[in-house]
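Here come two complexes built around subunit A, the first alongside subunit B, the second alongside subunit C.
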Partner chain A sequence: MSVAPPGESANRGRADLMAYASLSLISIFCAIPFFWLLIASFDGNAQLFLRWPETWTFANYLRVFTKEDGAKWLFNSLFVVGSATVLVMVLSGLGGYALSRTRAWWKLPFLYAILLIRVLPSTALIVPLYKFLLTLNNAEGALLRPIFGGATRDIMRWTGFIDGYLGLILVLATMQLPLSLWIMKTFFDGLPRDYEEAALMDGATMIQRIRRVLVPLALPGLAASGLFAFMSAWGDFLLPLILLSSPELQTLPLGLFRAFLRINEIDYGLLTALAFIYLVPAVVAFGFARRFLVQTFSGGVKG
Partner chain B sequence: MAKTLQERRAERQLMIVLLPSLLLLVAFVIYPAIYSVYLSFTNEALTGAAARAPRLIGSRNYMRLFGDAKFWNALFVTFVFVLGSAIIGQFVLGLVSALALRRRLVFRSLFSSIILLPNAAPEVVAGFMWISMLAGGDHATLSRIVSFFGLPTADWLQVFPLTMIIVVNTWRGIATAMILLTAGLSTIPQEIYEAARMDGATPAQMFRRITVPLMMPTILLYMLISTVSTIAVFGLVYALTRGGPGGATELISIYIYNQSFTAYQLGYGAAVAVITLLVSLVLGIAYVRAAKVEI
Partner chain C sequence: MIHLNNVRKFYGALEVIKGVDVTVDDGEFAVFVGPSGCGKSTLLRMIAGLEGIDSGDLVLNGKRINDVPPDKRGIAMVFQSYALYPHMTVAENIGFSLSLKKVAPKEIRRQVEEVAEILQLRELLDRRPGALSGGQRQRVAIGRAIIKKPSLILFDEPLSNLDSALRVQMRAELQRLHRELSATVVYVTHDQVEAMTMADKIVVLNQGTVAQAGPPMELYHRPNNEFVATFIGSPKMNILPVTMTREGSESVHLVGPLGMALTLVDADASLPEGTARLGVRPEHLKVVAPDAAHFAAEVAIVERLGVETYLTVGSIDQPIVVRVEGDVTFRPGDRVPLAADTAACHIFSADGRILRSANAA
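Entry: the complex of A and B
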């Protein structure tokens, strides 16, 4: 290392100081809104504004599960988003492998298409999507009703396309597919073909090659694909807002939003506790996904 | 060159494993996108006579758009929102963070974790937290901060609604800008700076003559990506203001939602959606071309 002239180190010191100052200000800006959520959720008499609690309590968290249907909302969110994530991991694993290895003519058009699909805003697709799902739902209802009669509604709660788990899971998964396919395609591009070719030489079938060779090798890629799918689906508000109406199917974002709309009886302790429960899995997933962020953001269109 | 039987079989298997993804994308993205073009030429509605017997009405929805002050208002609000939050707010704060985090600072990873945090919060939670920040009355956090500096307080979401949703969206997206710009900064070779320092360049000169020109491609890509993703913002602003007061924060996404599911005008909503889809598609194509994405 060369010896810096005396002016240089003073310069560096001042630049470091400016860096600390600006980072501190930006961090305060970023962190401040979270304080209220955290503190009010433990406040026995929570208000809309930030204040130091007189009594600290867990009662708000208990009320989420006793007074409101918090347990049901949490289950619905975990079930719907979890299923969608698993579906995305399976489909993007298989599809990403195909996109990486194929030499067919459709490779380039397909890849350009999924890049462009990612820029389409889901608010602009929601109307025709809703109409289409309604048609599918009516067709399914007409098909099931003669067979199951009065029990149809109970079955459609699981398999319906509108106001049913299946429709929301499929649509949520589809919205995450372009990014996940892209991640897996890029991941498989970086895996040498030697392993599969060796397995092929040994006479392994496609299924065996996938199970014994590709899945173990692809686990890091699948983790990234699944994490991004989970985060995006977990935070999504528009799709459940439009596709669900039954109270027993409500997910956490809907429960939170609707509880807040009951203007006359807003219980801030309960709401902040609910919001905090909804926030935690998102932050945990984000923590795990951090090391993948740079590759993903710079690799394709944003996440 | 003739393909061997085995190669053809392998290609067929690859197509089969991709098929489920293709089916889902066609059913729930491509088909709705095309269907929305058709819907935009009908008088389709959720309730009433038009719901039972929708018919083609030619370009009447599009004619109506041109005379609809609320549509132009939504376009204007969206434009200001994108300009204020993505192009200026997130970019400036993201660039400052990226530049500062390149130095060897003590709390580096703590700072970057905190800056990433808003990005992790679900839209509805983010909106909810900011309702508390921006509430009316002297106790709300922002009012306390400004009165600490001796400035007058206000019912922020009522008096400065558009400015406030720009602030909130800036808050949420600093991380994205920071990550992309950090990646761009890391591609500038350190030797260039050292050579410039030898020649006696000041830090300001180096920033203007080296960093900015070499970062231009990254900056351009960031602008395109963030514009497209900011046009799509819905839940964050809907949870905060639902488009109000009086349409002051009615982004194009909220306008589509309100026309379709509050006014039940599906055909008209689809016409607005088609315009939005086209704008996003053009920006997306520009991105793919500019980024020279490696496939």
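Entry: the complex of A and C
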């Protein structure tokens, strides 16, 4: 390493100081809303504006889970988004592998076509999508009602396409799948075929090749694609709003939204507590994702 | 013993392997060598079972194995990238094929340690491939192959990822292993030096066909065609266009570029008159006294290696390389008188077939 002349190193020091100062300012600017949320959620008498609480209390959180249906909303959100994420990981893992290895002529057209799903705003498609799901839902209902009679609604809560978990899970997964397929396709592109061929020569069956070689090798990519899907689906608000109506199916963002819309009162303590609960899984997911994202986007497996 | 009988491979309408016949005897170290795109890797993958064989027979130890799945052929392969699984330790990598066969962990451990002993990998068994050097990874890859006790080990350009010093070391290592295991090896490389130094038998491939197969020195001294003649040996054989005219019944007179004129003995009068191509290796050209010279040329490049010196003489489109013993004082621009060792001259027809080998007369 060469030694910088004194003037240059002073300049370097000043430049570093400026960089750190401006970065700190930006960080503070970004962090304030979170900080506000956190403080207000523990404030016994939270207001619209940021202030230091006079009394610290867990009452807001308690209210979310006792007076409101917070536990149910949290479960619904975790269940729906979690299932969609698992579905996306399985499909993008298999699909990404296939898309990476195939030499079919439709490969590139297909890959660009599925990006359209991602690019088109789901709002624009909501009416046809709703119509389509409603038709499916009615067909399913017509099929199940003669068999299960009165229990049909209970089953449809899980398997229905409208106002049921299944429909929302499928639609959320569909929205996330294109990007995840691209991530996994790119990931497998960087994974030499030699790994599979070596396993083939060692006598591994298809299942063994997937389970003992491909899945462990693809783990960073799968994690990245799954966490992306989770974070994006977790933030989705419009689809659950349109597709769910039963109170027992409401998700966290819907609970938050409805609490905000109540006519006679705006309970900032409750809202901030809810918002904070809503934030936590996304932040945790991002914490995990960071590690894998670097690994995935800096070029596959090193080994 | 592995025997390829008129083996062919098509990619669509393109024939990439055009009827290859090769036999590798037990315990033999055979090297498939050729320029990139000659089909050597495809041929290796066909033997491994990773590529299908469109026609012909692949016979291993008397059994036709065209349709036997790769893992049932009793063949192991060392891949160019080594293909060591980064999520497994060295021991797990080496024992992977046994664990797939549901061999008891204790027995796997015993065999892995046995292999590790041969390959001097004992201390590294619990490391992951990421923490190994290139040479160590190479040895692990070999370990993964030999633990299967295969009747044939395939190597696909295994040294191409190593730096040149390590490559020399690994060449010696591979030869030692081959002796110790008395294994049958088919080894693919584009590097003719690797082929020359390691092989019992070299198979030179060119555009999907066998240009020539045989022991290294036979290929060096008696190439079947111009392709093999120029591919084997470094620096490569000089090829010069010449015109031949008969001179009495027992010799021919050659006239070539740079005023070259020499007479070759041709006792059985097998050489035709007309245009041909003269092949002469750098070590068979000598700097001589002007009155003994076959031709004279201007020195363009001098490469001094100490023990020997390579002179490139003549023009850019017809360079001639001359090997001179020791360190010489020639400089670019000097005009040197040169003579060829007439007993070591090869004559090729215009289309590259051999007409007269060295020392044939």
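Things worth noting here:
Note that in this section the second predicted complex is superposed on the first by the 259 of 303 C-alpha atoms of A that agree within 3 Å, B and C clash if a C-alpha of one lies under 4 Å from a C-alpha of the other, contacts with A are read in each partner's own complex, and residues count from 1 in each chain.
Here is the rule we use: a contact is a pair of C-beta atoms (placed from the backbone, for glycine too) under 8 Å apart; a residue touches a chain by one contact, two chains touch by 3 or more.
Quick caveat: nothing in here was measured; it's all calculated off a predicted structure.
In the superposed model, A:I155 makes contact with neither subunit B nor subunit C. Taking subunit A as the reference, the larger set of touched residues comes from B, when subunit B and subunit C are compared.
Of the two partner chains, subunit C is the only one that A:Q208 touches; subunit B does not reach it. Judged by the touch definition given at the top, the superposed model places A:F237 against subunit B, while subunit C stays out of reach.
Using the contact criterion defined above for the overlaid structures, shared-chain residue A:E197 touches subunit C, although it does not reach subunit B.
Across the two superposed structures, the residue set of subunit A contacted by subunit B and also by subunit C is 301-302. On the subunit A side of its complex with subunit C, the touching residues are 192, 194-195, 197-204, 208, 212-213, 216-217, 219, 301-303.
Interface residues of subunit C facing subunit A in the complex, by the touch rule stated above, are 48-50, 70-72, 75-77, 79-87, 96-97, 100-101, 128-130, 144, 148.
Subunit B contributes residues 11, 13-15, 17-18, 20-22, 24-25, 27-33, 35-36, 39, 44, 93, 96-97, 99-101, 103, 105, 107, 111, 114-126, 128-133, 135, 137, 139-141, 171, 174, 176, 179-180, 182-183, 203, 225-226, 228-229, 231-232, 234-235, 238-239, 253-254, 256-257, 260-261, 266, 269-270, 273-274, 276-277, 280-281, 283-285, 287-288, 293, 295 to its touches with subunit A in the complex. Across the complex, subunit A meets subunit B through its residues 11, 15-16, 18-20, 22-24, 26-27, 29-34, 36-37, 40, 47-51, 91-92, 94-95, 97-99, 101-104, 107-108, 110-132, 170-171, 173-175, 177-178, 181, 206, 231, 234-238, 242, 253, 256-257, 260, 271, 275, 278-279, 282-283, 285-286, 290, 293-294, 297-298, 300-302.
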